[in-house]
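Take a look at the structures listed below.
Presented sequentially are two complexes of chain A, the first with chain B as partner and the second with chain C.
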Partner chain A sequence: MRTDRLTLLLLILPGAGFIFLFLAAAIAMTVLQSVGLYSLVGESKLTFEHWFSLADRTFVDSFLFSLKVGVGSAFGTLVFSYPLALFLRRRRYGTQLIGSIIKIPLFVPALVAAFLILNVLAFHGILNSTLLGLGIIDRPLRMLNDKFGWNVLIIQIWKNLPFQLLILAATLESIQTDIEDAARNLGASPWRVIRHIILPLSAPGILIAVVLVFILTFGDYAITKVAGPVYPSSLSVLMYTEAFTLQQWGSAACIGVVITFASLLFVAIYARAARAVAEIGQ
Partner chain B sequence: MTDMALAIPPPHIRRRIGLKGFLVGLSVALLLVWTAVPLFMAVMWSLVNPDDPWSPPAVLPPSFSLAQWEYVFTFSEIGKAIVTSFVLAPVVTILSFILSLPTAYAIGRLSFRGKEALRLLILLPIVLPAMVIAMFLSRTFYAFGLAQTFLGLVLGHTLLSMPYMLRILATAFEAIPQDVIDAARNLGAGRLELVRHILVPMVLPGLMAGSVFTFITSLEEFNLTFVIGTPTFQTIPTVLFDYLGYHFVRTNAAVVSIVLMVPSIALLLIAERYLKTEYLSSAFGKL
Partner chain C sequence: MSGLRLRNVVRHYGGFTAVDGVDLDIAKGELVTLLGPSGCGKTTTLRMVAGFMAPDSGDILFGERRMNDVPPHRRNTAMVFQSYALFPHMTVAENIAFGLKMRKIPAAEQMRRIGEAIDTVSLRGLEARRPGQLSGGQQQRVALARAIVTQPDILLFDEPLSNLDAKLREKVRLEIRELQKRLGVTTLYVTHDQVEALAISDRVVVMNKGRIEQVGAPEALYRQPLTSFVADFLGAANIVSGTAAGDHLVTTPIGRFSVGPERKLGSGPVKISWRPEDMRVAAPGAEANIVGARVRGVVFCGSFTELVLDVAGQQLRAQVDTGFRGREGDLLDFAVPSDRIRVVA
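Then we have the complex of A and B:
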């Protein structure tokens, strides 16, 4: 159906125009302030000093920490979500129930998820009590605000597992079963079917699931602030501190640009993978 | 007797069901521990009796009381925050619907160049780092006098939650088979009848799912409210953040967590029949 351009524009404008306007405003402000323009306090002039000021230990440590949390959450979740998605793929009795239970954390707000897991991992929390009671450890383990960020990883995995599962389930569903059946008829073992048929065909879906969780965790503020180590902080926490505690909006803007462009890069990867999934589905 | 005999499978099948049943049972148990134990702990912490503290070796609090709830509702901003959250979320949902409807129709039913790019654009508010958007949108809002205002919160929340409405509605529009529309046209249905008898009923489940997600996203939004709204406006998540950060009191945080979580889960249970997998996957990042 062809529609004339003006009608089309009028239809698209309310939703997409709104998003474009506000996103453009936010991103433009980030980029401009990172080079010293439009700084609402103090003088505005084009300068790259904020960018040079980034080259210090704190920024590098935060960048590495965010990278670690992003990659760790993405693959840490995948370790659980992919086998689960494979298991839930064939309707057996019980799969429906498992499917419903596993979805719950999807609807638990991030901050609540952080609190819930903190409770479990606390020094006197249920995990330590159980391990002590079973005699596995003789002293409670310190798991909160640890330097590595284990608890941040566990919170993110808890929160993102159903999210990845949903994406993977949709991908696995789009793989036609006749290829798999043919392989089984020709005598392939279940393991070989998974390795040589399902895994390659679901690769773009896996990529999407991994990339999306990476993007969502790489730029996280709230969970890292609440549960993460005091040092290093995540990039978003560092950005917030620079802006509101140190009043260094220029440096904060530079960090903002770094986070945004890293995310955009991964959005591009995701978009290509999504196109590949659509092609497999057809 | 014959029924009974038929119901018991021969031994070799019984053993397989036994093993599978065991594995399924084990995974259900593990998942219950994985998801339900943290939730259960929060409920327990919110019911701790301050005169009878809950200390390590005890698996459950020795006695229960509502004292924590009384304390939080008396001495914190939670009451005002609940009002703000529940005024904000419906306003944001309605605004998102009005803005989304024409655009979702265009994406779902019309073919035009640049549609893929458009789909990507309306995904961006979900996937771009929320804290960056919040902080630098707030700088723009300061310039226009929108920071620390209710209107600013409405606009910001709409930006972050409208993508769900847009994407799910577009999926719903897309799912209407062209044959149905053609058939109705051939049978002489006018424009109004087409909308009333075909478009509306077929898009309604998508609208419900989209509204639920938009509503919940607004309810749970933290970063933007924290930067643009506080301290003038508190919502439930910002109150919770306060209890988790500067004034960490586990029992109080438990109460606020439950206040924040229960409406979302209740809404999703009520709306569950609308939440088809296709909507869920379109909401969460299928392009």
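Then we have the complex of A and C:
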């Protein structure tokens, strides 16, 4: 009994210890730094000046930009991934090939992805050249570093499509074909089968897919840095600038805290919603 | 309401032929059962009638109307699935209402018909439950109510009782049959359980490897199987190979048998078959159709005793009454009445 416990402890120690050291401890450090303690530069004393310094236009704009990218990517990706998952569900000719090609972005690092898409969207990129060549436009369109952040959204959707697709495919897979057949048998057209059966039964999967992509994109650095607008930047980019360009480590820590806790908040919302949905499902 | 006709229906999966030229006429209001071992193509046939898949060739007709290209939601069939296939996110009442909602039946009539269906299957008080909160038997009733409430032209059952325990199975079997008779709805019922098929059907279709072996009323099929497959699949059968020796005589390695009068045999190899319950201990001095057999096993089965017999290396089975006092190892004479012997293919 005692040795069993000891074995168990030894088994979970590396994993749990790693998580504690690099996650809990790091988050705690960041929180403390945001209020002036454990400062890496200068003296340490309890102060909220870093938090007050955040209450300016730049931070608010960055926050809203990150929120927009997070929400926009999460739902923007869903618009593509859900119909695709529905299509790939019924194995037809070619679905396997499509399924594999679509997973490619999964293996391309974000920074590389950003550069790849850059080549397509750039002022003298593939898209503009093609449109010019076809005579559809007579001057190249400025699609990079646009103020709204369309490029960021496009790249994020491209990058996150396979994530959502994998989650949604697994969810749809778990719906018995008998249930769908029963609905058709009772008079539901294909559209109504989706509306009344598939959609509600895959709601938990949709929720997971949306929240996951939100968290992945809300804290994005690489893609915004490469393809995003000059102003505003994302929270992560702002954090980097504060820390390494302006040497404002305290402010950077505050931004880190905001990113972390916003993500945690969404995880919590998601967990509650998922539980509610699961209860409905029973 | 209409009859159902299958005309030379064929269906392949890849290179494998699952349904191989099925011809079948089901009259209005009739209950016909597809009976056969697992994998013989029963479900595939049923799914083609429901419209979930199309035949590769052949026709499916409801009444006079060819249905091959009609999608399932326009067929007005109702199916009870083996898995029940209830909608897990809907209550019992919502499940039953689904078909009516899809048909855009006015709300007041929906309420009335749902109430009726719930009474029919005795689910009062459970309307607000979800399928996950019901027992297997209750789920089965919801599936049944959901099907009949739409007043289908054709009712389809795919092994609806296979997930119930034995006692409940018998009870629900009777209820389904009564309900079907009362509604007068044309019904195609699938099972691999021969007792269920015999008990519930107007006619039984025995299937084997995608083909129909024989069609008939339960008793006719049981008494007059045409093939050794049917004889063996419906109940138990003793099947012996032999040679025809005259119009009503068959010579076999275990003796000569005179067989029933209704078929002339000619000559050549034949198989004969009889039921274990038609074999009895011979009265002293009897001469016709006598088999001298060694008793290899005596199994008490409650209402009868089952004997395992050995005749010149061939194993036979007999059912005798429980007064039987023989033992393993005894050598006894058994008689088989000639009108109970069938010549089978």
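Things worth noting here:
Convention: the second predicted complex is superposed on the first by the 264 of 282 C-alpha atoms of A that agree within 3 Å, B and C clash if a C-alpha of one lies under 4 Å from a C-alpha of the other, contacts with A are read in each partner's own complex, and residues count from 1 in each chain.
The criterion applied here is as follows: contacts are C-beta pairs under 8 Å (C-beta built on N, C-alpha and C of every residue); 3 or more make two chains touch, one makes a residue touch a chain.
Note that the structure is predicted; figures quoted are calculated from it, not measured.
In this superposed model built on chain A, chain B and chain C occupy separate space and fit side by side. Once chain A of one complex is fitted onto chain A of the other, the partner contacts of A:79 are absent, as it touches neither chain B nor chain C. More residues of chain A lie in contact with B than with the other chain of the pair chain B and chain C. Contact with chain B, but none with chain C, is seen for A:25 once the two complexes are overlaid on the shared chain.
Taking the C-alpha centre of chain A as the vertex, the lines to the centres of chain B and chain C open to an angle of 80 degrees, rounded to the nearest 10. Applying the stated contact rule after C-alpha superposition, one finds that A:176 touches chain C and leaves chain B untouched.
In the superposition on chain A, A:185 makes contact with chain C only, not with chain B. When the shared chain is aligned, chain B comes close enough to touch A:110, but chain C does not. In the superposed model, A:222 lies in contact with chain B only, and not with chain C.
In the overlay built on the shared chain, the residue A:137 is in contact with neither chain B nor chain C. Remark: least CA distance from chain B to chain C after fitting both complexes onto chain A is 9 Å. Within the complex formed with chain A, the chain B residues making contact are 20-21, 24-25, 27-28, 31-32, 34-39, 41-42, 45, 55-57, 59, 98-106, 109-112, 116, 118, 120-125, 127-133, 135-137, 139-140, 142-143, 155-156, 158-159, 162-163, 166, 216, 219-220, 222-223, 237, 240-241, 244-245, 250, 253-254, 257, 260-261, 264-265, 268, 277, 280-281, 284-287. Interface residues of chain A, counted against chain B in their complex, comprise 1, 3, 8, 10-16, 18-20, 22-23, 25-27, 29-30, 33, 38, 40, 87, 92-95, 97-98, 101-102, 104-105, 107-112, 114-120, 122, 124-126, 128-129, 158, 163, 166-167, 169-170, 173, 208, 212, 215-216, 218-222, 225-226, 236, 239-240, 243, 249, 252-253, 256, 259-260, 263-264, 267, 270-271, 274-275, 277-278. Those residues of chain C whose C-beta lies close enough to touch chain A in the complex are 47, 50-52, 71-79, 81, 83, 85-89, 98-99, 102-103, 130, 132-133, 146, 150. Those residues of chain A that touch chain C in the complex are listed here as 176, 178-179, 181-189, 192, 196-197, 200-201, 280-282.
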